[in-house]
Amino acid sequence: MAGSTFGKIFRMTTWGETHGRGVGVVVDGCPAGLALCEEDIQKYLDRRKPGQSRYTTKRNEEDKVEILSGIFEGKTTGTPISLAVFNKDQRSRDYSAIKDIYRPGHADFTYDAKYGFRDYRGGGRSSGRETTARVAAGAIAARVLHEMGIEVFAYTRSIGPVTIDENYFSREERDRNALYMPDKEAASKAADYLEEKMKELDSCGGLVECVITGMPAGIGEPVFDKLSACLGKAILSIGAVKGFEIGDGFQASQAVGSENNDNFYNDNGKIGKKTNHAGGILGGMSDGSEIRFRAAFKPTPSIAKMQHTVTTAGEDTEISIHGRHDPIIVPRAVVVVESMAAVVLLDLLLQNMGSRLDAVKKFYDR
Amino acid sequence: MAGSTFGKIFRMTTWGETHGRGVGVVVDGCPAGLALCEEDIQKYLDRRKPGQSRYTTKRNEEDKVEILSGIFEGKTTGTPISLAVFNKDQRSRDYSAIKDIYRPGHADFTYDAKYGFRDYRGGGRSSGRETTARVAAGAIAARVLHEMGIEVFAYTRSIGPVTIDENYFSREERDRNALYMPDKEAASKAADYLEEKMKELDSCGGLVECVITGMPAGIGEPVFDKLSACLGKAILSIGAVKGFEIGDGFQASQAVGSENNDNFYNDNGKIGKKTNHAGGILGGMSDGSEIRFRAAFKPTPSIAKMQHTVTTAGEDTEISIHGRHDPIIVPRAVVVVESMAAVVLLDLLLQNMGSRLDAVKKFYDR
Amino acid sequence: MAGSTFGKIFRMTTWGETHGRGVGVVVDGCPAGLALCEEDIQKYLDRRKPGQSRYTTKRNEEDKVEILSGIFEGKTTGTPISLAVFNKDQRSRDYSAIKDIYRPGHADFTYDAKYGFRDYRGGGRSSGRETTARVAAGAIAARVLHEMGIEVFAYTRSIGPVTIDENYFSREERDRNALYMPDKEAASKAADYLEEKMKELDSCGGLVECVITGMPAGIGEPVFDKLSACLGKAILSIGAVKGFEIGDGFQASQAVGSENNDNFYNDNGKIGKKTNHAGGILGGMSDGSEIRFRAAFKPTPSIAKMQHTVTTAGEDTEISIHGRHDPIIVPRAVVVVESMAAVVLLDLLLQNMGSRLDAVKKFYDR
Amino acid sequence: MAGSTFGKIFRMTTWGETHGRGVGVVVDGCPAGLALCEEDIQKYLDRRKPGQSRYTTKRNEEDKVEILSGIFEGKTTGTPISLAVFNKDQRSRDYSAIKDIYRPGHADFTYDAKYGFRDYRGGGRSSGRETTARVAAGAIAARVLHEMGIEVFAYTRSIGPVTIDENYFSREERDRNALYMPDKEAASKAADYLEEKMKELDSCGGLVECVITGMPAGIGEPVFDKLSACLGKAILSIGAVKGFEIGDGFQASQAVGSENNDNFYNDNGKIGKKTNHAGGILGGMSDGSEIRFRAAFKPTPSIAKMQHTVTTAGEDTEISIHGRHDPIIVPRAVVVVESMAAVVLLDLLLQNMGSRLDAVKKFYDR
């Protein structure tokens, strides 16, 4: 029943709902000596903030993070780092109408089944707001990874039927448009597509892709805590995610071995791979090449279009969900995907340190 | 570094490699009072045995399971259940040629990177043989689930480009053909396709689909131990799995909300859903309807076709892997997928028992 | 490196230091439906507050707890409960003198060894202040236990050489004197003893004893998570604790079997024990009788008396620690001991629910 | 309900009962590259074997350990190491009489309460035999520690009222007498005392003391996984242990601060402590000096002397337990205490590696 803690060595415990005092996270196991301040974390949270585009809701949340512990003279002390973002704009009247209704596609029904009742205001703990805490923790993990030359870069790969074209891929473009697509043309087309959906009082899904560079080889703990499995769990725990794949992913199920295998070769004295169908993970561990994975997001369940559903008493009824809801989750989720990946990578990097006796002896000067 | 334990309450710890004394698992946390004998487990292992078809290798492993502890007078005592399958047919000479080579698509390279050396005989711990232990544990979980009216049914959904046709779906057909496809026609076409690949000295990938019935609603521990996330981790930890999706999965990324939402309705006094795009999981918890997920397997990496690679010293070389290798992993993996799912379900069912105070008080007669 | 989380199902994660923004805890896995408000927790924290007696420091901390999440309409929702107590009275100038000194008996030296540097203000995370968070979590656990008819009662058993006399034991007396001794006479003698020590600019140790009533039999998870072992870990993790014993404890090492065994007998149709040398725990599980254990606290390390020590550079020096320090830790620790015990009991009660198949089936109506 | 796994990084999972196929353990997370063979482990198990003295039972168990996995070419591969000791001498008829009786001081009653029934033959999982598995795992941990210059040395400190005299302490003497007392004189007196008890058809308790040398400072994970707390849990999980103390332990509860504090001083350029009342642990972490702790064992519950008890139906009855039972547990437990300590130390040494960012970067050459 304790499902709000993630990680083994670098570990985060999140708390908070849409309409409580706020959301937050306790990060335990962060190595001591990392320079860290609110701004390092705030810039990650800002990428989650709505109101940055016409397509994300205008809730005007001022997600301002506060560091409550674990830092001294600007550096992490190795003790738990408590971060909190206090709720400001709640307007609970938005949600009173749904108190006695099970919204389709939402967790209302399952939370009631599990706990016997639920905080019906805005989705409570099942709301996307909960991801703010994950992003705060991920920002810290990302800082540590950065110190080690490891970068995690995620972006919107597709919105509905509109997919980026790899030939026009540009990292800089990602942060220049509101949809976080690294392809200006695709972003424009996706924008049109979204306008259509909004007119139809509907929503749509999309894909987030993530690329990780700089990882050493051998990271991951077979057989159950493989890097692929840990990343999968992390990403699938994000609300609205219905699929996860690494490298060629589902395409690999239709490939043949001679094409899917990444052949090793002598790359100027280093061992390289001619291709990367594996997505950088082999035998469940990083192989030193670029790690690539994708997450499939279903459409936002809250739509203004009329839907059939039931009341909590089980009677047929209809519902049209008004208020402030995104027609698409994906752009806000990009930084959440990056954050979850960063936490997994750091946790496994720390777990890996005890793999070899010679390295353990060297570490302790014995 | 302890990556061989899976689960929190119902927990399994596996051990063993291709060329050690055998493989096995310790199952801890199995409720006491379950009638259990070797045969209950053996029938699951038999579904993994090669030699049952022309397409799986003729290694003739006699995977005979032995129960070493945890049973008394035919019932589980609640103490750890140790299961072992001792290796019989090892023929190490099959593998001596690969001692100094990194086989493409295999974990040789990454195990060396992590540990500094590896047991090169047949893949050691990274071999598919390790899954025997998982299946043994899954067999126990499946028995408990069965006692509770919960069934887990997996099958081969596709091999290469050949996919089953839902109109001809037949559960009985699955166990009647060697490819475990619940569609006789598709099984025949897939057989032809495999013959082709074998002639080409190649291999291919496929999809396994799994359907779970009888689950109560509310199972899963948000936000990180959601049922979807736990299933994902379990399945992605199986060797060769490169993708995982629930319900409509990746298709949902191209859907619109009004179509993807499963509308609730009054189903003769019970709350039902008109559709099941969610695949039975909502807000990360079971919603009481059928749970459906798919796993994408890459092609078997060991092929007889010549491949470019490097020696462990990093020099270019070529390799053709002869011996006893399946041209496809999927049929053998079907029972592994069922087993991993069973373990996850039971673990979360047990974790859920403490969710509500009234239920806890009732349990303890307080 | 993640040492700030405790528990498996009912789980707490604490954070905070003496001179950060505050201290707090995230409680995960608390069953839903428990009526809970700040006052329920505040009354536990108040028992920790200094200034309630001449013998505890006059730091005048106003430990006012705030519930930040996990409650809706006055009841726990089953989601994480975040509690925080924000620091008010910090007066860091008290500690500037010790920045470059390793205080004897304190964790300064070991924190530096582990992390390379430390928050030297007032002990940072090693300060007794950290226990505030534990008490807040323990208060919640105690509420649930109370709902189940289980009570945890701890008290000061001895201060220095002054021990309570069981013949004059009175529960009510505990809360009537500042030393929390359930024996008025002993409390008076101990008071005199403490006056002596204070005049000598010294401190002293003591014992806390804890009695638990109402536990059902069979709670504890052999072989490693035995109730005795879990309680021991919980109590030994409290700062200044150097010993833990159950039932007759160390005395049992000098007993003979015929006297130490608790003989069962027919107690009016129920199975009872004639004695309770075991302290209510048998084979590592509760046996249904009263559970009794003791914790040994060393003297407060911070004394005004001059002590020899070294600077952080390793040079000989002397130190006299002035400021606001208790001459004895024990009275403040009584509620901490109760709280840790409560958390352990609840966690194991929840873990035990999956022990028997028949009970699991009954729970799920299957 | 999964109480048979211990540790976070270096992790052991034990299985087995007195009258099953055998006992065993799976050790996960052992660093790769350690030279290891059966003999390394056997010599630890041999110290547990009965029949080595007049005072331990003549059951003539041939505890011969077998390594089933995790070793290749004489070295650990980093994969799980499965060890098993198969039962040979069981003579179940010894136990048939106790099938329907709750033996005083044994776990019969509590196992029945927890699981609804139990394996009554010889104590099943609650038997001392279960510790064989722990010792096997401890032997591996001890080998790693030895490679790092860390030694764990335990011995019998007292048997009943007979305690060793530190003035005559001799490490070599420990292995020369059957009681493992490092004081020849005391061993002789204790022998006489035991003869007495055996004539009286009784048993007695004792103390085991353990000394650890060579530990670096800073090992332990505050605040809950402190070294003291982890050691305490490990030792208290051993059957018959009713007390645990570190350094001066319970004596410290009667000391004053000026005497109990260990003063630091400049020891020829190194930081040393003038005394070691703390027992080598400060703030829950090792301080670099010798670690010392003691465990109190209650008397063997199985005695030939007639005792009052009840049947499983709750009726008054009497029992005299014949057969092969030690009059004292302590000598056999010495190696168990060493083993549990070794496992804890290694686990925390591995966990500590991620404490500092500079060390993590150095480890990864970043």
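Note that the chains take the letters A, B, C and D in the order they are written out, and that residue 1 is the start of every chain.
Convention: contacts are C-beta pairs under 8 Å (C-beta built on N, C-alpha and C of every residue); 3 or more make two chains touch, one makes a residue touch a chain.
All values derive from a computational prediction rather than experimental measurement.
For the pairs B-C and C-D, the larger set of C-beta contacts lies at C-D.
Distance between Cα centroids is largest for the pairing of chain B with C.
Here the CA centre of chain B is 38 Å from the CA centre of chain D. Between the Cα centres of chain B and chain C there is a gap of 44 Å. A separation of 26 Å divides the Cα centre of chain C from that of chain D.
Counting only residues that touch two or more partner chains, chain A has 1-5, 8-10, 14, 29, 31-33, 78-79, 114-116, 125, 216, 222, 350-351, 354-356, 358. By the touch criterion stated above, chain D contacts chain B in their complex at residues 1-5, 7-11, 13-17, 20-24, 26, 28-29, 31-33, 66-72, 75, 77-82, 84, 114-119, 124-125, 350. Only residues 8-10, 29, 31-34, 76, 78-79, 144, 147-149, 216, 222, 349-351, 353-361, 363-364, 366 of chain C touch chain B when the two sit together in their complex. The touching residues of chain B, counted against chain A in their complex, run 1-6, 14, 102, 104-116, 125-126, 130, 158, 160-161, 197, 200, 202-207, 216-226, 228-230, 232-234, 236-237, 239, 241-250, 252-258, 260-266, 269-271, 274, 277-279, 282-288, 296-303, 305, 307-310, 314-316, 351-352, 354-356, 358.
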